[in-house]
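After this come two complexes, each holding subunit A, first together with subunit B and then together with subunit C.
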Partner chain A sequence: MTKALDYFDPASQHDDDLSAALVEVLAKFLVISFTSDWRFSPARSRKIVKALLDNKKEVSYAEIKSHDGHDAFLMQIPHYLQIFQAYMQQIEITGEES
Partner chain B sequence: MTFGRRVVYNTWHSSLANGLNINLTKGRHVGLPLHYARRGEPTCSPYVFALRVRPTCSPYVFALKIITPVGANLRVRPQLITLFQMPDILPPDCVGLVRPQTHQFTTPLALDCGRSLPSYELIYETYGQLNQNHSNAVLICHALSSDHHAAGYYSMQDKKPGWWESCIGPGKPIDTNRFFVVSLNNLGACQGSTGPKSINPETGKPYGPDFPIVTVRDWVKSQARLGDVLGITQWAAVIGGSLGGMQALQWAIDYPKHLRHSVVIAAAPKLTAQNIAFNEVARQAILSDPDFHAGHYYQHDVVPRRGLMLARMLGHITYLSEDAMRKSLGGNYAKVNSILALMSNFKLKVIYAIKAAHLLIALMPILIY
Partner chain C sequence: MKLRTDLALISEWIAEGSHVLDLGCGDGTLLAHLHNARQVTGYGLEIDDDNIAQCIQAGVNVIHTDLNQGLSDFNDESFDYVVMTQALQIIHRPDLLLMEMLRVGRQGIVTFPNFGHWRARLSLFFGGVMPTSRALPSEWYNTENIHLCSLRDFEKLCEMLDIEVLQRTVVDTKHHSTGLMRFMPNVFGEIALYRFRSKPVKRIYPKQSL
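Entry: the complex of A and B
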């Protein structure tokens, strides 16, 4: 399992250029990071955001203040949940009764 | 045993489980503070080896199983502390009782490593209803040691809900009133989907170390096949935290037309050298355990416990922030060993480990009195 993590590097097939790896992306993105996460720090998430912006992809980014480290994404942090919820609510579902 | 009275419970004769029934008052968080004292030393350093609370027929009568050192006297003082307990009524923002399903895939799956799995099973759960044109499906990708049980409870006796209960449910960020949520256990993750524990059809024995290395791309491919089975051609969103976030990113790269949104939480485009080094230390801890048996430990009917414990401790340290760790220790650095060791012994998954640390901290003043 940890090997799957180690090998994860979508940019490797594009001369280590993450932006090039994301050229074909069509999805809109929400990227969230947590200030006290030193395992996957906000700087790492910002790399994803930058690569998406390089390709003019639509991306929302939130950096949440938190003291909970990497596990913050499982926690009930109001600011985080509000942003997450707001993003999810604007996802359009075709055929949804309004 | 009466509520509120001190009771001396002698466990001299046994070093293992002793059950006793205790009537508790009604409430969402009920539990017992435990005080241990060695025989003849009523106030000396107390410690808990293991504690399990299991509901019996009545929701407020618990069988309390306590594992004590040989020769310890256990005194139970039933005051309120917090233990995890199933609420007596499910909260309205919970998906309720859920049940996992399994699908057997018989088309071989070609893997990144060059090998292929001739057949495999994926276990998954779903929450909410798939709408008529199948446009409201959301895929949840799990992190390293997690599983398919992301929300809800399996039974009213469950002490804990799924691992992402905070975000999945009616009215929650991943709103099951709107979305049909699919959460699966990844290949190789050993929580019900095909993995090293499964029988290799070619040898009739567990795969063990022969199980092929699976990558994030392989997982995404297997998840896409699960989508096909469920009739989902395009996900409204693919969502994940940590390693799950990496899968959500990989989805957008590999299957751009098959998802409309990708939610990437606490992830990274690749691991740092430091991350990889941590993983290597964790792996070495397991590999160097004599019970590892070159990976064939299932055949020897053992588990490399010490290695796994060390790996889990290391992982936990990297998941916590400096602040959280400092808070857990409460300024007493000597406690770190016992806290981490207890967490390992409890075999708690990392996502519950922080809760456990808080529980133990809550216990400390009582234990030390």
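Entry: the complex of A and C
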């Protein structure tokens, strides 16, 4: 599983251009990064955000201040919970409308 | 809910269906209004965690960004308008950010408190102390404002940066405009609103084909 994740490269079939790889996406995105995460650093999350911005896709990005290394995403950090909750509530509302 | 009057004035300046970047977007009020009333798309940039959560709650696309780092995540001319309300005076280098605004957007819109207002002048001239007012509520030692300017200062900077002012309005803190303000905006205006763009480049030599 870890190996499959490590080797997954969405840009490989688009001349290593992540923006080109995301041209077709229709989904809305919420990207959350954690300042203490050395495994998937905020700088790398910003690359995903940049590729989505290049395509004018619907995206929000939040950088959560954390002290728990890569595992921060498992912790109950108030702003993380607040943002995640707000986003999930939005999904519910749009779902009811359509 | 009634929209803050400066935001209402700005939204009248923005064409329907345009793509907008809002620098220091706060809780996303302006973008949410523009989306509902004028089918505007775009993003807000914010650094405050609570504001980011509120933007997401309001369905506004928001990107965690430190405006002092510039707008390098955005391509040239990728927006119709880049808006910045009441943030110019807290930026480390307003001149560089204005250039960045006009790199990523075709037009810029800013609002800021006018330091040339008569109360500020009187306070410094007769009182000998840094002015505080309705538009500038904080004391010199705890204000976030580090680059205050008057209307004339801003227009001089625009001239220097080859920025053309397209529209200017001054209002008071209740966001009303009076005849007196229109007559002497740099003395009676408390808050200034500007819409601007880069001056068309004057080419001295014909453009060379490569």
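Note that in this section the second predicted complex is superposed on the first by the 91 of 98 C-alpha atoms of A that agree within 3 Å, B and C clash if a C-alpha of one lies under 4 Å from a C-alpha of the other, contacts with A are read in each partner's own complex, and residues count from 1 in each chain.
Heads up, the rule we're going with is that a contact is a pair of C-beta atoms (placed from the backbone, for glycine too) under 8 Å apart; a residue touches a chain by one contact, two chains touch by 3 or more.
Since the structure is predicted, the reported quantities are computational estimates derived from the model, not experimental observations.
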Fit or clash - subunit C, subunit B, common subunit A: fit
Partner chain in contact with A:Leu30 - subunit B first, subunit C second, else both or neither: both
Which partner reaches more residues of subunit A (counting touched residues only), subunit B or subunit C: B
Which of subunit B and subunit C A:Lys56 touches, first, second, both or neither: second
Partner chain in contact with A:Leu22 - subunit B first, subunit C second, else both or neither: first
Touched partner set for A:Arg46, first subunit B, second subunit C, both or neither: second
Contacts of A:Gln89 with subunit B and subunit C, given as first, second, both or neither: both
Partner chain(s) touched by A:Asp68 [first = subunit B, second = subunit C, both, neither]: first
Shortest CA-CA distance in Å separating subunit B from subunit C in the superposed model: 12
Doubly contacted residues of subunit A, that is, touched by subunit B and again by subunit C: 30, 87, 89
Subunit C-touching residues of subunit A, taken from the complex the two chains share: 30, 46, 49-50, 53-54, 56, 58-65, 79, 82-83, 86-87, 89-90
Residues of subunit C defined as touching subunit A within the complex: 19, 41, 43, 49-50, 52-57, 59, 61-64, 73-75, 78
Subunit B contact footprint on subunit A (complex, rising order): 1-12, 18, 21-22, 24-34, 36-41, 44-45, 47-48, 51, 66-76, 81, 84-85, 87-89, 91-96
Subunit A contact footprint on subunit B (complex, rising order): 112, 131-133, 135-136, 144-145, 163-164, 166-167, 172-175, 178-179, 188-189, 213-216, 218-219, 236-238, 241-243, 245-246, 249-253, 256-257, 259-272, 275-276, 279, 282-283, 318-325, 327, 350-351, 354
